[in-house]
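Letters A, B, C and D mark the chains in the order given here, with residues in each chain numbered from 1 onward.
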């Protein structure tokens, strides 16, 4: 059975940062259609800062929750914007969920993912269907939990999460935005994928790749 | 092909801009040591005065830094381009602006700003600084009247911050400052129109697409789509369309007095703004509304976006007194 | 495809702009009855004071009208876009500005302006108004140093008019006012760079062509070609190139003091101007030159042209006193 | 032998205004290369104003010199710029040259043309070779005078003037500007025709057409 130590978690941030960098232009373009065209910039800035901060830590002497809190703080301070408080809260809640552990087992990893989704929801007060990153994060967390409960193991559970995120993000195209910048567009937001949901897919898929060996 | 900009590194544009601002305005502005994105008035915060902290994303200059000064805001927290500042610099502003009588947070109503300023307010509370928040929601295009609280804050910040800054400078109570700030917001109505996009320094790509003969009515100051896109019309028609929408909300009576701001979103020159103001002033005169004061120029921009906004600020005795209260800020004259 | 503008009829743009300006600034400005292109300060001309008349083509707003006010110019004659006003409105300005102590004509050194202002000066002489002319020639790119008198006047008008306006407001003699105006011009050096063209309201076509990654160093404020065209460089490199050229002329010593203006030609936003000012102030500090005051913004524009200029005004005791002399003009703060 | 009365002179202004209107865009484009792109606008504005003013006169009750002075004044007040004082002075000098006459004979017409050229030169202080409208006007006036002196009649004399203007304007391409806006360009003005010389050709040719029956 997989266990995930602090070094693996640091690697996870490198994986996310790399994936987001590759995705940056697409995310800016999506945000240009219904927002202010900067989502790729914010996400790259945030995850580069998080990666730089956590890879500078001495992994052997650092608990996972400390690393996650450090990631939260550095993401937030580099970014602000909407993504800053949302992802910072995600990682702080993730940290709380694994507090005291020196390494995460499979259940811990899924609990972290669920705590992250809950953190985003608490911070942003968005419900599923309001065309935000929550439309990817909430079903992803739920799918991972269900798969693990059904005894599927971490790799398959994270695959289920990534699939659910993709489906959720796709579904934002048919939604009218009710939160965030795009909420002023009314019907004009229809037909376009929410950039935060799109980047959530990238983030969750990078988590999957780096944690599911 | 990338858009042309006189910058060095797109990722450093905001910090380099701030360095240039501090170098240009040493008599007015200073950075808070250790918190380079927190800019404070050299002459503003003082014991017993309600502190006024404003802020938001960069790219709207002279908003927000232009409003920092005696009689206006005590401090501003500055985010990345079109991105709210994070809580830390906001908190530092709150500490520096606090005179023990409470601190007002004022900023445009955007999800990102609300989350970051709220986090900062929670942190300030832990430092025993009482914070109250007044959001500006003057952009009539961004939500129906019944949902005014959902609207964006745009160029109307000019009047809204001005009123609040005057109230604070007059050493009014926290309750009074808050009341006047809210009232100024309730009395302020803005409509904008965009003709062509800007580009972020990090990407140097146009942030939206628009046809060569199109305009977008109601576009936000970050390029967020507005209420309608259509063929470019004449200045008078555009002014009428914007003003009609404002008047519908404001429902003025003959004899009312207002202040107006005709604002460039960036590259629309003064010639066009004044042509619009000609129509605007004629229309207001026709309905018997008196114009107490007019500002025309680049006050709340979207980098080099082309377009303009009209703001009408409905005055009564106390709002007029707040508007006329002297202030001294770095980048323009406002009182 | 025509460029986009918020105008009505291109041929009426200047008159409609003036109507909008008068509507916006009734406390500062008024038209001379019967001469709509002659704008006069509400509070300026007075007996015994040397009158100051400025003027030139439209499209450079807030130049020239922004400089009309107490402590600055008494009147401005306004031409068509990029075209000198004809003699008649200039003459009307001279009459209105005359306090019996002589009238100074000040404007940028362009063939058209020289011919029209000279004709007006001859006409004024027939009305027993003594006129003297001081041309601004601050654009170092427009002729070699040995032919300074052939240079164009550009954004440096800011400092040159300011000094002359202060001298007149202090009721100095005609000789003194003229001497100080000339001295201010001799102490003022500007370099500009253009990135993209503007378009005239009558044609709505770009007034010059420039490659998507090119800039033109030394371009004039009407789009006249400059000294060299090349690939767009970084803000620091462009600033250095401009400043080097200015310093070569100004030959400052450690301990000298200057005032600076970083000016947008239209659509270049404050962010870029302040990034340039950061470099500029660092460079001046490095050579021990003190900056007494800095202005950054749209002061002398070419409609919506993209680009910027740097002006350095070398101070001594009396020029600093003129710069600091209070003034009250409609469109910006200048003293 | 041709005589030109006030009505014919008014017709001349209509002919010039029409020709310049047709030419406006080309003149703006030429001015865009070495100046400020407005020469066509200024010329159209000036000659429309002059035409409007002179066609409003009662030709039967107006002397040619009065008409020319009226044209000068209205051109100048509509335009300013460089072309305003130059053409206004041209017409005022033309007026002075035919002062007191009720109609112009062929010699008067050529004298008027020569006075116009001289007026432009006095006002602008430009010499031939400095890349201005003088490079068209000066040779045109000279050619007309020579042709008339050689007994060629007005039509041929004005043809000679138009030809000389064309040659002179063409020659400005090889000149470095020493007067006007373009004089700051140095060598960069080489290769481009001076817009004022170009419009002078149009003006002179319209004069030719309307006065040479």
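The working rule: a residue touches a chain if its C-beta (ideal position, glycine included) is under 8 Å from a C-beta of that chain, and two chains touch if they have at least 3 such contacts.
Owing to the predicted nature of the structure, the values given are computational and were not obtained by experimental measurement.
Looking at the partners of subunit A and subunit C together, the chains they share are B. Chains making contact with subunit A as well as with subunit D: none in this assembly.
One simple way to say how far apart two chains are is to compare their mean CA positions; for subunit B and subunit D this gives 54 Å.
Subunit A and subunit B have Cα centroids lying 32 Å from one another. With centres defined as mean CA coordinates, subunit C is found 29 Å away from subunit B. Looking at subunit A, one finds that none of its residues touch two or more other chains. Listing the residues of subunit B that touch subunit C in their complex gives 1-2, 4-8, 13-14, 16-21, 23-25, 58-59, 61-62, 193, 195-196, 198, 201, 212-213, 215, 232, 234-236, 238, 262, 266-279, 281-282, 291, 294-298, 301, 303-304, 306, 308, 331-333. Within the complex formed with subunit B, the subunit A residues making contact are 25, 28, 32-38, 41-42, 45, 76-86, 123-124, 179-185, 188. Against subunit A, in their complex, subunit B makes its touches with residues 11, 57, 79-88, 110-112, 115-116, 119, 141-143, 150-152, 200, 202-203, 205, 207-208, 220, 222-225.
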